[in-house]
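Structures are listed in the sections that come next.
Two complexes follow with chain A in common, the first pairing it with chain B and the second with chain C.
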Partner chain A sequence: MSRRKRSYKTQGVVSYLGEAPKHIGKIKASSQIPGAYTGDEAAAYAAKQCKVDVVAAYPITPQTIIVERFSDYVADGEVDTKYLYAESEHSAMSACVGASLAGARVFTATASQGLALMHEVLYLASGLRCPIVMAVVNRALSAPINIHADHSDMMGSRDCGWIQIYAENAQETYDLIIQAFKIAEEETVQLPVTVNLDGFTVSHATESMKVLSDEDVDKFLPPRKPIFKVDPETPITVGAMALPEYYYEVKRQQEEAIQKSKSVVKTVGDEYGKFTGRRYGFMETFGLEDADAAIMCLGSTCGTVRSVAKDLRAKGKKVGLIKLWMYRPFPTEEFLSAVEDLKALAVMDRAISFGAPYGALCSDVSSALQNTGMDIRILNMIYGLGGRDTPPTTVRDVFDEVLKTAKTGKVKERIRFLDVRD
Partner chain B sequence: MSRRESLSERMKLSWRKTPIAGVIFEPGTAVEYRTGDWRMEKKPLINQEKCIRCLICWIICPDVSINRLQKPYGKYEETLEVDYYHCKGCGICSAECPVKAIEMVEESRVVA
Partner chain C sequence: MVALKDLPKEEPYAPGHRLCAGCGPSISVRMALKAARGPTVVVNATGCVEVSTTIYPYTAWRIPWVHTLFENIGAVAGGLEYAYEALERRGQRKGKVDIIALGGDGGTFDIGIQALSGMLERGHDVVYICYDNEAYMNTGIQRSGATPRGAATTTSPAGKVIPGKRGKKKDLAGICAAHGISYVATASIGFFGDYIDKVRRAIEVEGPAVVHVLAPCPLGWRSNPADTIKLAKMAVQTGLFPIYEIIDGKYKLSLKPGRLIPLEEYLKLQGRFSHLLKPEFKDELESIKREVEDEYKRILGLAGEPVT
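Let's turn to the complex of A and B:
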């Protein structure tokens, strides 16, 4: 069996990161204030501390609390933000694009059908290189109508050119939104970012977490410096037509920007780690130093998987977890070095890609493994659609199956639909 | 480098050098796009003898393709000419001319 040997071996939590560069992050947060926040409140609070210039949004369950809290801040005079109450998500995102092009720091939030209605404008935001940050509170798409968590909404707009980050809990939502502005506004990136949090599971559950002081956020995140902006003093043309002679070059450049944003994501994650003690990057791994079998997933489910993996490891089972923060750009190299010693990997998708060979995340995983010579058995698990609960017993079943596959090398089912009534 | 050349040079830019997001940082570049290529069959021809320099065509031309030249002609101090690089041949000037000084002629007619 040929395995690629890499220089950095995986060790413990956030193990793939290796040593943090010494020159990064000389400053440290002066204090951190403990508090109880829901995921939505954490998102609104982060946006407030990031001193956004414009928020244009339309409320939709389960994102509503974000815009409610933010309009409280505006009404109470706690922020100096222009809040636009749009008549639809399509208008909300359009206003965000305009404001961002005028040089403003822009935040918005949506979910499910709202994201679907924005779909057209999402491509304008990335194509016009607007560093907007949007909290997407993941919720199932109609029909049948449902308000609970799954990833169908974001996966439906997967190819919109936005950097896509998934948070596991309220603390990560808060931390990742602050980092998202820094990543988006970096001179070489200039791309919009979504921070995804699972509807209700994260958005409406109150957790204890720590927030930074306003001064510390200011230290970490300086005001936006746009590299170009719409300004009557120096007229430019934005959004001009680009026919076959130009379009392709603009899009190729956009792809380069999102691929190259990986180094920025890493630097910002390291910097935030030094600043707050909570380090981020592309993914967090657990138990991969000796695991034969692992589960890879996004969002809140990672908490359940980690807890089950801890129990199983205590009983001597060699299992692990790969929690992906950064879904786009997909961290191919880092993923490969994380999984190099695995025998089997179960990829859990909380959305169906109808008619496709695998779910969206599993498709990425299997294409990343293509031509690497790594011999890892892949199992695809579809789970939790429309908020269907994924209890520890289900995760234990998945670990049992993936351990069996690691032992025998045989894949019983390419795709399994977990917890669906048979 | 003339503006026309600069356009064709720009068209050869690699994706690395293409301006971010396709932004055009220089104003007024639409003039480099020769929409006169779109003209079909007929083009306007101004009869300098009949023309009274009322400037109605200059005002109403949707493509700003009537040029006022500081070139005396008879009793007039200026001459009106069609910018064939940008005229799309819509014929509005010809229809609106109060003295019928603008005729739509075959594209192949040589204009002196």
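Let's turn to the complex of A and C:
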């Protein structure tokens, strides 16, 4: 096959692989406390340590542990947070918007139908520039009703203007929620953030992880400093009607803000790395230094893929993993820089974009590659819908296929549905 | 009752907005804010008042004002209240803020009733004012749960076989009072002193309070803009829209019952009811009159007034 070597060069982009800049992160966490947490517990604990002013939420499986734990904190007087027990997710997000506009630090959590019910309000949160942080415990959407993990919920709202981050496990859920507040509240960003964790696989599985002390979280995350607020001291009109003369500019500014948030995501990820030893950013890669074939995915499946890739690499197979933390804004430049030496890439989507050429993640990947001159074969794998298990054997099959494609240049199937009965 | 000369001169709601001549809701907003006792924030639902007072880059609001959506002001107002409380706990702000949630009848009776119910049940210290012009006027006069039986709207037209809107107007005050809150009132912009007093009482009550105010819409009612206040009075005087308070569950009539004006006098000033006065809908009119009378008697009974 013809393949142009290193045809794409990133310009002015700090490599996602390099060392963190030296000027960032002068402080270090004084201690790290080991413990056992489920993903949901980790989310609630992170929100507690972030000293959120207001929580407004509505329970839904598999997010329930988050709201239960937080209710315990409130009932036991462990937090100063005002908890608004909303009568629906629509109202939960509406209350979050109100509280955020008043200048409060706000946290909420939902899943599946709850996110779908919030859909309308999600656009208000981003359009009114409310730095709310929300844990989304990813779960399938009805019908048929199903309570288990897939990414249909978040993908259904992917254009809502929120920064969207995916965590692989409980540790990442904890770390990313703390970072999410810092990213959201940064003066140049002022946008809401979702931290996604897979239902049950992450939300209900107990893992050993490390948490920071309350004092260290305070050091990393100072109280919110709103740049405007709805308060009688500063009478302003928020949520005015913008007709064709103005609406477009507002939306364009919003797009600029989310694109520019990338530099903040990177800085905060680097800072957090220096602070805790666990560094974050746009994505994590494994084996890409010499890989011909790789798998790209989001969330908990990345753990399985990494483990299989390790085994295969031990056997001399040149395979790798691209795990996206940050799905929106899509880290186009960094992604291109990561994949430039690949021959084939399998993009695994845990949601169907009905009637579309590819699943949502694969559509992004193929758009990012457009006009770059890079010749990478793309395979799209739909997997794990409604909590269908994706065992290492399945991942091994995918690696076999993507390796074959890397060798022959031939794509057998544009989209393959993994582990599904005909 | 507050006298005209005693009303504050401040106008938190500025002139120059784009609401219609004779707009009842606009009058209801101006009057309500005359009852403000201190720093006040308004949370406005989507509707005529919202779209016509804040066309960017202009605003008619001299106090903080928030609009997000149509059906969620109960929740947004609750969020604001909790935020002020939390920020005060942390020493980041000081002082009481009165929060007024302002919605039309569509945003209150129908699409927003869940958020309103949640707000009342949780006990937020918010005054909810529903300005009722008895249909979705902002979108062009479609029937709502507040549209009275027989009224013609664009979605409940007076057809050859169906004479306008079917079904009764919801008992909003009763629904709100059923949440066990301590203050609910119905009012009319035709009785401004009574209305302003009620808003002030609602503000002074700790916890949630609801004021349901009738505010005619000349465009939707197909009435003379100069008759807005007259119609707002007549709605009360015909017994169609009794004004009362429900204080800790006890009904108290605001206007001593006297001889009622015949309903036809009220109906004939409005194009939306013109079909009811035609001979072919005589039975329908009679049936509506009986319903109005029964409902009025029910309220009299609840208020402990003699029912004749």
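Quick note on the criterion: the second predicted complex is superposed on the first by the 406 of 422 C-alpha atoms of A that agree within 3 Å, B and C clash if a C-alpha of one lies under 4 Å from a C-alpha of the other, contacts with A are read in each partner's own complex, and residues count from 1 in each chain.
Going forward, a residue touches a chain if its C-beta (ideal position, glycine included) is under 8 Å from a C-beta of that chain, and two chains touch if they have at least 3 such contacts.
These numbers were taken from a predicted model, which means no experiment stands behind them.
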Partner chain in contact with A:85 - chain B first, chain C second, else both or neither: second
Partner chain in contact with A:417 - chain B first, chain C second, else both or neither: neither
Which superposed partner A:236 touches (first chain B, second chain C, both, neither): both
Touched partner set for A:128, first chain B, second chain C, both or neither: both
Contacts of A:54 with chain B and chain C, given as first, second, both or neither: second
Contacts of A:99 with chain B and chain C, given as first, second, both or neither: second
Superposed model, chain A: greater residue contact from chain B or chain C: C
Contacts on chain A seen with chain B and repeated with chain C across the two complexes: 128, 235-240, 242, 246
Chain C-touching residues of chain A, taken from the complex the two chains share: 53-54, 56, 80-82, 84-88, 90-92, 94-104, 106, 120-121, 124, 128, 223, 230-243, 246
Footprint of chain B on chain A - complex, ascending: 127-129, 190, 227-228, 235-240, 242, 245-250, 252-254, 256
Chain A-facing residues of chain B, complex: 11, 13-16, 18, 20-25, 27, 29
Touching residues (chain side chain C, partner chain A) in the complex: 39-41, 43, 50-51, 54-57, 59, 61-69, 71-72, 74-80, 82-87, 89-90, 92-93, 95, 97, 114-115, 117-118, 121-122
